[in-house]
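Contents: one structure, followed by commentary.
So that you can tell them apart, the chains are marked A, B, C and D in the order they are listed, and the count of residues begins at 1 in each.
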Amino acid sequence: MNRRVCVVITARPSYSRIRSALQAIKDRGDIDLQIIVAGSALLDRYGQVIDQIEQDGFNIDARVYMVLEGENPTSMAKTTGIGMLELSTTFGNLSPDLVVTIADRHETLATATAAAFMNIPLAHVQGGEVSGSIDEKVRHAVTKLADLHLTATRLARERVIRMGEDPEVVHACGCPSIDLAAEILRNPALDFDPIDRYGGVGGVVDPTAEYIVVMQHPVTTEYPTARAHVEETLHAVVEAGIPAYWFWPNVDAGSDGTSRGIRAFRESHDPRVIRFFKNMSPTDFLRVLVNGRAIVGNSSVAIREASFLGTPAVNIGSRQEGRERGQNVLDVGYDREEIRSGIEKQAGRGRLDSDDLYGDGMAGPRIAELLATSPLSVEKKLSF
Amino acid sequence: MNRRVCVVITARPSYSRIRSALQAIKDRGDIDLQIIVAGSALLDRYGQVIDQIEQDGFNIDARVYMVLEGENPTSMAKTTGIGMLELSTTFGNLSPDLVVTIADRHETLATATAAAFMNIPLAHVQGGEVSGSIDEKVRHAVTKLADLHLTATRLARERVIRMGEDPEVVHACGCPSIDLAAEILRNPALDFDPIDRYGGVGGVVDPTAEYIVVMQHPVTTEYPTARAHVEETLHAVVEAGIPAYWFWPNVDAGSDGTSRGIRAFRESHDPRVIRFFKNMSPTDFLRVLVNGRAIVGNSSVAIREASFLGTPAVNIGSRQEGRERGQNVLDVGYDREEIRSGIEKQAGRGRLDSDDLYGDGMAGPRIAELLATSPLSVEKKLSF
Amino acid sequence: MNRRVCVVITARPSYSRIRSALQAIKDRGDIDLQIIVAGSALLDRYGQVIDQIEQDGFNIDARVYMVLEGENPTSMAKTTGIGMLELSTTFGNLSPDLVVTIADRHETLATATAAAFMNIPLAHVQGGEVSGSIDEKVRHAVTKLADLHLTATRLARERVIRMGEDPEVVHACGCPSIDLAAEILRNPALDFDPIDRYGGVGGVVDPTAEYIVVMQHPVTTEYPTARAHVEETLHAVVEAGIPAYWFWPNVDAGSDGTSRGIRAFRESHDPRVIRFFKNMSPTDFLRVLVNGRAIVGNSSVAIREASFLGTPAVNIGSRQEGRERGQNVLDVGYDREEIRSGIEKQAGRGRLDSDDLYGDGMAGPRIAELLATSPLSVEKKLSF
Amino acid sequence: MNRRVCVVITARPSYSRIRSALQAIKDRGDIDLQIIVAGSALLDRYGQVIDQIEQDGFNIDARVYMVLEGENPTSMAKTTGIGMLELSTTFGNLSPDLVVTIADRHETLATATAAAFMNIPLAHVQGGEVSGSIDEKVRHAVTKLADLHLTATRLARERVIRMGEDPEVVHACGCPSIDLAAEILRNPALDFDPIDRYGGVGGVVDPTAEYIVVMQHPVTTEYPTARAHVEETLHAVVEAGIPAYWFWPNVDAGSDGTSRGIRAFRESHDPRVIRFFKNMSPTDFLRVLVNGRAIVGNSSVAIREASFLGTPAVNIGSRQEGRERGQNVLDVGYDREEIRSGIEKQAGRGRLDSDDLYGDGMAGPRIAELLATSPLSVEKKLSF
């Protein structure tokens, strides 16, 4: 009987960090793939990643609604609690042999805890990284609940082992998001107009001229300042004057602050140099990114995909603190002047050489192989 | 304004591992102590630890019902989810400056996650130990969510630091349970008859003659075999022939198996050499323990308190695997013959020298001092 | 395609009030029967009704754990809330065309609300009755959420219609529990010894001599007095001196009070005239009942099955207040003297004529027919 | 000691239906008023009714987050389940003597069930009305859980009594929303520009010229068609050509359909005759309403406040089916042509005479008196 591998996707970025592995699983044919879509990945107002998953040809085995409205730290805790109630039922129904959780959003702790308490082996994709905020705690707590570790980088693998995990179950695979970037890089031309294809709101930004890409998420431990932070970026982008494609943040404690900041700015300043989008297919997004002069904000895309694609990045504030980064990244504070000058500097560099820090483009098949063949166990013990 | 320190107690053993620290906090007068009693600590059929807490003069700020009936792995996951829903509300009401969670039961993950997600600094008592079963995962996951670590042993401190925690926030304090043991050891006479004071059911066991103490908990990753395991111990105790005081297990996945095994054995064998108790005050329990010939089962009491008290122990099976142990412990398998011969061997050794592996009797004041004065932060980052 | 009818069973008595209808559904073959076992029906310590269901040849489609420990009014509310979370997932998985909820326990409100909010037509078995306590509120609230009403008596049908339900969707069917009683009455000999078959604890009660049957449940609005109430009954039974088979109460707010009262009385009085059982198959129970001199307590069995079987009943206190009753019932207060004299009086009457107030023995096929063929809709409106 | 009366407000319209009673309670001084704000009343994207409550000088005792994202029937059921978990905790903290629930949204069933199961007397404001959709079931189920009934109309009182409630506990009080309307009617001049005060988005609508008001909610049993329905109204309003102030719908299953419909229409048609608002203070809203030519949509405001104010109404579709209505209402189907002609007809009638069907302007003091002085009990029984 095929091994039943259950992948839980709780947010848009999680999908891009597992997609090529799902494809590789499908291509192998020796795994019964189960996909649970949960959390903000189900919510209409954050862009229906679920539609993307189905368009990519994957079957969704369960939808788990778990996001408690409120978008404050309490509702984040309650969302995770609801997730544990719901996911334990769903795991009971699907009886997986192995559960896969991705990265470090707060809901991944619900996935990890439910699996661990139900004695189902747990694989964790993208442990061992270092960042600011609550993600840091969640990521390493998930590592301690997981039985199989599939890291993006060699350094991440080292860190997971140093935390006491058995080296035999820790594998550096690269990040699946790079697999897609590798595909794009083989043929990087921007062959569509983002506004034609995705609509969006705001000014008309011409993809054939110079442009930048912006993605800014609220930082959960800096919850009350989310709005002030995004305003600095908005001002900086307007002042830099390079037209921008701006992507809306994920649902999270504080994202209402970010969203409100953006909306209020739009009402009062009507920034004609910015076009706002809620979502874009990963392929289209990367194509936009590789052709941009720079990516600005605090998304990990700037650290991972952009380093492989060679797009210069202006990374703002604490959110990516501690993550390994390549030559494409310039770090700045929450200050419109610093951000503006960063944009100008980075936008002038042109496309850089590709960096394989986060993968060589083969992460998906490597992860699929390990999910198919690794010995499974729920027993582990600190190795020191 | 005094610092508000909120201690969450979810089970009987947790209380004995924090009690002297609570007393020391009260004695200092510079901390506003908040106590939440939750989980199985509230349930009548497992002995009302809550009555004990009130009798000890502590005020209970909130009672949190969270145990979902069923006693299987799924209900354990759901119990933790419910705990997150309920505890986040309670933390919202009490607005603590610092939350304290104790040891490694599954509910501690609810406490830790709720505090972490609400950006409340978290202190973890008794991290860094190594054991079998799900406790192992829970304990280290809580470490990765915690901001202040108060370990029982020096080796445990080392392990927490090796997992990447900042040495400045990791302190070896000893285990508060040893503080009580130290008190008892200063005057160890057994001055009461357990049956007179606590009733219990089963045979009449004379405390002035030779007796042993038994405590056996279900092991969650060995859930279906809980009943078979306890039957081995029951047969061994009857065959060894030394009268026994037997203490009922905690609520847990599988405890119904253990409980059923005990009940069925009682019906069929009517073991006159065993007296069964649901609960006892910690003081009385330790007094019974120090005067016993040996402690048998898989309780951590055999490893900690018994090593300080000098009571020989027969430790059965995998539950305490990996925990540091002193000279008082003999390990055996789930086999009635091994257990019986272990009982006979250990019961013949007499009281041993006190071992300070798990503390010197001053853990309570040391913990109170750290809770009162440590700098508080929710920001941390892997130190390698 | 067959209609999918999903029956939710949350407690032991619910099963006896639907069993013959389930059998009739199975016999018809034109309904896809789905059975969800939930709530206390899943709990080991209240007798595994689930085993009975499977032994009767029914397939269980889902098990829903929802009972939050605590057994107080708050945990009863939370249990219902958890039930709504869990049952809505389960209904989503099973996609029934019609949900069936039985009688008036608090969990039935979870079933009813989840079905109503999910726009699934709801059938309610045994609405329109009148009783004391919270059951009264639950029963009529469920009526207002239900789309199809299958009452036990003609008077109950009248009441449901008077509450504003469309007479076309309200049908007096009789109570399925009477179907089993009718079967027993065709051959009423007691052909087994209850102690041989079920064990139980307490005195040895001879089934071939005179005996009574006792069943006393806590009354939820009289929660703190549950223990005092059961003690009156215990004393009365001992004083009456007729040996008794006593059946343990359901899990409910207060049942710990009742249970504790029984346990404490057993310890202190060791009543040799009483044998305590946790559970019995419905068939065996009715056979015991029809051969008893009387049934004592506050169970609805005394009102329904006993009136059909002709067994005299001593009904204590407020729990059955308002329910239609036949000639077999004598009502008394929570007073040991009144209860004792009631027992003596009723036990002297001998077996009475069968009364068809609660059904003629054909309720099951009648209910199955309506579930199979009634038009289904979720739209309704007060008819006045 | 003052009676503790706890009012649970779960949505914007609930507040307008209790506000004058809260004021009257405050003015009396013999009630300890407790206010819980819960559900969509807490959510930013539906207009912060909580700010309004605080601006009105009321103290909020607890905030209860309970809305599970998803906006489909399953998440509505789960939201109610979460509400029961959270509200039972909150009732436990606040220990009210009486809980007040308002009207018929799905969350009111959470309030009612939690109070009933915790043996807290429950008052229900605005029972006995008749409408379409799930509200109908919820409203009457709450009636059966409630102990005190404060209806808006005499006919509603009659209906509650006919459903079997004791006439002594059923009082026709009028609707508090009419109290505010009465105040406005004493001085109806529109003394502000809605756009100046509330912003909003869309066209510039001049309040000194002719305008209409639109409010359209999704109908939960017609969930998939919400978007199509709102599009008919959008087209009708544009075609009618009278400028409109349009108010955004509540959060509910389907509101995303309604919201999406509005958003898509705005993008494609850019309707300059419509100004969209998320929220407005009740006073300002009524002032806008009384000066409008007509109100269009399916809000109950058109039936209640507008009949008292004399504003003609075009009521679309099934949502208000069964509600008592005055001479101001014209009913039309979901058809742009019917709606357009209805708008034209009603907008030509001018302001009508005030109708006291839903109250005489003294409902608040009447309700406050009953909450202060009615005997309290949780025991009730069907009176037939």
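Simple rule for what comes next: contacts are C-beta pairs under 8 Å (C-beta built on N, C-alpha and C of every residue); 3 or more make two chains touch, one makes a residue touch a chain.
Quick caveat: nothing in here was measured; it's all calculated off a predicted structure.
When every chain is reduced to the mean of its CA atoms, the largest separation from subunit C belongs to A. By number of C-beta pairs in contact, A-D leads over the other of A-D and B-D.
The mean-CA centres of subunit A and subunit D are about 41 angstrom from one another, to the nearest whole unit.
Taking each chain's centre as the average of its CA atoms, subunit B and subunit D sit 53 Å apart. Shown for subunit B are the residues that touch two or more other chains, namely 74, 78, 82, 85, 89. For subunit D in complex with subunit B, the touching residues are 82, 85-86, 89-90, 93. Contact residues on subunit C toward subunit B in their complex (touch as defined above): 42-45, 65-72, 74-75, 78, 82, 199, 251, 256, 260, 267. For subunit B in complex with subunit A, the touching residues are 73-74, 76-78, 80-85, 87-89, 92, 106, 109-110, 113-114, 116-119, 130-132, 134, 136-138, 140-145, 159, 162-164, 220-221, 223, 321-322, 378-382, 384.
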